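Next up, some structures in structure tokens.
Shared chain: chain A. Partners: chain B in the first complex, chain C in the second.
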Partner chain A sequence: MSLATDSLYLAWRYLRHQRMKTVILVAAIATTSFLPVGLNVLVAKSGEELMARAEATPLLIGARGSALELVLSALYFESDPPPPAHYGEIDRILESGLAEPIPLHVRFRVRDQPIVGTTLEYLDFRGLRVEAGRRMARLGECVVGAEAARILGLAPGDTVVSSPESAFDLGGVYPLELTVVGVLAPAFGPDDNAVFVDIKTAWVIEGIGHGHQDLAKVEAEAAVLAREGDRIIANASVVEFNRITDANRESFHFHGDRSEHPVSAIIAVPHDAKSRVLLMGRYTDPDEPNQIVRPAQSMAELLETVFTVRSYLVAAIGVVAIATLATASLVFMLSFRLRKRETETMVKIGGARASIVAILALEVVVVIAMGLLLAGLLTLLTERFGSGMIRVLLTS
Partner chain B sequence: MRGIIGRERGSRRASRRLAASAIAVALAVACTDVVEDPTPNRVDASGPLSVYVVNYPLEYFTERIGGAHVEAVFPAPRDLDPAFWMPPPETIAAYQEADLIIENGAGYARWMEYASLPRGRRVDTSAGFRDRWIASEGGVSHGHGPEGEHSHVGSAHTTWLDPTLAKEQARAIAHALVSLRPLARADFEAGLGALEADLDALDRRLARALEPFSREPVLFSHPVYQYLARRYSLEGRSLDWEPGEMPDERKWSAFGRSVEKRPARVLFFEGEPHAEVTGRLSAMGIRIIVFEPVGNRPAQGDWLSAMHLNIKRLAAPAAPGAMPSQQVDPQGT
Partner chain C sequence: MIELSDVLFRYRDGEFELRILGLELVRGEQVGLIGPSGSGKTTLLHLVAGIERPERGRIAVDGTVISELPDANRRAFRVRNLGLVFQEFALLEHLSVLDNVLLPYRITPVLRLDRAARGRAGSLIERVGLAEATNRLVTHLSQGERQRVAVCRALVTEPALLLADEPTGNLDPVNKFRVIDILRDYAREHDAALLTVTHDHDLLGRFPRVIDIKSIHSEPTRGVPSS
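Right after this comes the complex of A and B.
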């Protein structure tokens, strides 16, 4: 026991003395071990997470277009917004009695955080729990995901302003001040980065709903062009509110038929397998303006491409690993030859041959062990954080 | 060699601590994985259903139909008109947690337009007769900006004043309760049957009591009697007078001109009018009849007894102020 400890100690002292050589060897072994394993873990974990969310979302309905774009926008809030479908589709699904529809409106952002317009059913569907404050209750209120709250430095009671779609969009969507009423508990998924509002609030940001001065009142007289009986015609200078307060909330109203209002996707939760098949059958008509997508199938197709690329990469890394290990072996052998006089001195001062062999062997073992440990740590970090990076890469 | 080893013990312990910390960090990172909570099952089959409603008639109907199977909650303060009440966020949060949210529909309780409520638990009791909604009077349309002309006009919403529509609302409630508690279907149907019988009787009594008023034009203090007027063929026009308030002289002059053009001898008021109003109308030969829409809880009795009290007032002597205030038998016997 004492022989082993002492040999280990001397091996460790040698490696510490030869810092640069040790660091290079450990790094080389760690990298060659980590790359194939890490890549496998990364792809497998990312695939698992992407598939888990896709499988937890039974069906998605949206306007005809790229199915993958619809899935990535509805599940990860990251891709470009797909072409909008109409809110009336919700009523159509409800009337069919085949599924529970949950609308999603993903178009606007608060800085880099997506604003997700939806209904309370979405929070229940994803199992999102409010950690501080409460859920949104009124127009103009929002609930932020844990990560979004951290990044934007938000807590219940704070306000946040939606970002204009373009710095030069002076006449288009105008920023709306949102009141933060709750922060969600971490869900370790895309919901953590989102700012959730009622879908009606999303429509207000889009300009479909708005609040303005009461045109019948004296204060708005300057904006009135003409009064004809019950008709009042105002010019564009009428003051529109960009903050929803208790005082002006009742002035907010929506234009047009609600069934025509936009949604970017609808999550449909069928009541049973038969309802699922029947609902899918309703969207097979080529004249149907909407499509129905099984997110798991779309993600599986995407991941198949990723897996193909991975196998090529692993093969290439394998060749590099063999070359690296051969080089490391050469370094150890040359090192032992250069240290021949050192080992002879150790024999002369009474060191047993077995102890000297043990010291040299342990130097190799410790370097390999440190390399593998480092590779293991990197693999764990990859498992924890790598899938998020992959998702950003896939969805950006 | 041993001496050197002894001097370096501290350095070795530090190395061990470092290695232990690295392993602990690695394990902590590896173990950080959270399973999402499943969506909770909202309806607890053991206790009564939590049913939030938007006005008192719906609370009354829900209690009559649901009996012990429901806990109907109508959280609006007694002194406010629930149609224009703006509940605070805490109350909306309570609505969000209910098993069922019973709406009147037809634009009633406009706060719901601004609230985030779970769609799947909302029941619009007047959706089934949308084609019979009455457009509200006197709205102003306006146009500004690129979207052109639009109007904020809605529908008349005191639907329950037509008992045939109230019956349809009651059926919508019963249907929603049965879908949540199918095992209690028999109890719900029995409750609905009894309520429908009462509403039929109320309809007959209202028809008899209002028949004399259908022969000549009448006035309404507020535009809340549209469904009552349509059901019982009342020809009336609405003012904008608040019970308990004295209209200003401008309103009185407009009223005088209006009555001169289209004479009327009866004015239906939502509540007890200001004494001065009573006196002045009496001098003009106009009889006041208090007919409460009973959108909120009455001071005494329940919705049905309050409606029968309205009928009793209709039948009261013509002299202004001769309005009964005592509690009456709900069946009006």
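Right after this comes the complex of A and C.
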């Protein structure tokens, strides 16, 4: 073995013997190294991802309120639902001929996965490809994102039930059983976690549309309270369907004016730059109940705040890092002093000065190297999973 | 083997000085060195080992005038030619028995840790009755066992000169004779010189020659030497 290997061996034996001290020092160095680097990676990476999706979404229209909440809900399906706009806005945009509108209804969930009520145009707009099965075509059908399929263990042909919003709210929405007809290929974004349904299905979950026993039939007679021409009044014993099948699909219907039905947001894809300007101009009136938002701009504003917070945090971490490194240096110096007899022994039996210095130096180097290695590993993990974490943080 | 003539040594603080008129040991000779506390026995051993350098005079070991060598060369000479045993064992507590014995090979470029060295270490450990503790940390051993490990470390390089500074000072009667006998047997088998500092009069009978440090002083020492 070479002198360096021998010195490294002796340094390692000491560090192993002093396990607890070594672990604490490694953890301190790893933490102080990782925090500023990891924070920068986290912010840069998540900023990049957040901006990429925002830039891929030209305009968003929704009810007046927080623009950021509208963006986060429409792009990441993770924030609290913004105040609803009405489906009639879709018709208004279509009539204007300025943009292609895509409705989004994001309110319900299957366990932790968001149910996104939309149209097939959304799948085309995001470039979402069906990997197994087919797209949703009928009421009660759903297509699940790749990650949602993995988490929920779903494949085409399976069924999944929407989660009630509150277990104790008897007047609230009731679960609806959805049939999985397709699984999307991974898109490496929020779409992977979603369960996509037609917007009408989302309205059924919300209770705006429903299917029930045919009151004209004899078996429903007991539930009928009165008949007034075409109008039949029934009591609560009428059987309502919580599952849409081929047999009962026809019975599903919607009450009220469709233009009044809710949407969380509308993605508007202008035909050209001029259309974009004109469309935005339509929402400048202070009496206008809806707002139009450029997601990239909202996200840039959010990231600017995040960058400011980051710079304060990095400064604070810098101070803590100096204190930690000073403490670590003190620990090493005290350790060397306490082990003076060891070094004296090595000198007495003829140890070379270079070897003794190398052993002590390698103890420091190995601890620092292990700390930096751990910091590097944490940084890699941050790069891999950090943006998801920050998105959850921003939208929770 | 050892030649000292007209040696003067003073510690830096000037609190202690040692003057040796002359001392000679031949190869294979086993000598017990006695003297009252503070008379400079340990200092004399350090001078012979080249751990300390005299202000004046000549110290030669096996023909090499170590008193004239620079520090790095004295260290190299020491690790190659001398075996040292200390009263307090001076073992590295984070190392196993085997690693402590092989320590001289790991801290100098002048020795090579090869198969032969490992074999010698194994044989010595077995010879002193610690074969089963080879990979155990020295902190798990008794005092007597630790000193036997220290003796193995001193012998593993097959030195021509053994210097032992009160090697039995912390040992019970059974262990003290055992340790001294190991050192003496090695010296006899390898024709090595052995210079042992001791306060223990029971052990003096085992040495063919005993030197009282007072007899080689040119004048009385002053103060208390550092150990």
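Structural remarks
Just so it is clear, the second predicted complex is superposed on the first by the 374 of 396 C-alpha atoms of A that agree within 3 Å, B and C clash if a C-alpha of one lies under 4 Å from a C-alpha of the other, contacts with A are read in each partner's own complex, and residues count from 1 in each chain.
Methods note: a residue touches a chain if its C-beta (ideal position, glycine included) is under 8 Å from a C-beta of that chain, and two chains touch if they have at least 3 such contacts.
Keep in mind it's a predicted model, so treat the numbers as computed, not measured.
Once the two complexes are overlaid on the shared chain, A:Met20 sits clear of chain B and of chain C alike. In the superposed model, A:Asp6 makes contact with both chain B and chain C.
Contacts of A:Leu338 after superposition: neither chain B nor chain C is touched. Between chain B and chain C, B touches the greater number of residues of chain A. Contacts of A:Arg126 after superposition on the shared chain: chain B is touched, whereas chain C is not.
In the superposition on chain A, A:Glu141 makes contact with chain B only, not with chain C. Of the two partner chains placed by superposition, only chain C is touched by A:Ile359; chain B is not. By the touch criterion defined above, A:Ala187 lies against chain B but remains apart from chain C after alignment on the C-alpha atoms of chain A.
Once both structures are placed on chain A, chain A residues 6, 9, 13 are touched by chain B and, in the other complex, by chain C. Those residues of chain C that touch chain A in the complex are listed here as 49, 51, 71-72, 75-80, 82, 84, 86, 90-95, 99, 103-110, 113, 137, 153-154. Residue ranges on chain B touching chain A, taken from their complex, read 1, 5, 8, 12, 15, 22, 26, 29-30, 32-34, 36-40, 42, 86, 89, 92-93, 96, 110, 113-120, 138-145, 147, 149-150, 152.
Across the interface of their complex, chain B is touched by residues 6, 9, 12-13, 56, 100, 119-121, 124-127, 129, 134-139, 141, 181, 186-189, 198, 200, 212, 215-216, 223, 230-236, 238, 246, 249-250, 252-253, 255-256, 373, 376-377, 380-381, 383-384 of chain A. If you check the complex, the residues on chain A that touch chain C are 1, 3, 6-7, 9-10, 13-14, 16-18, 341-342, 344-356, 359.
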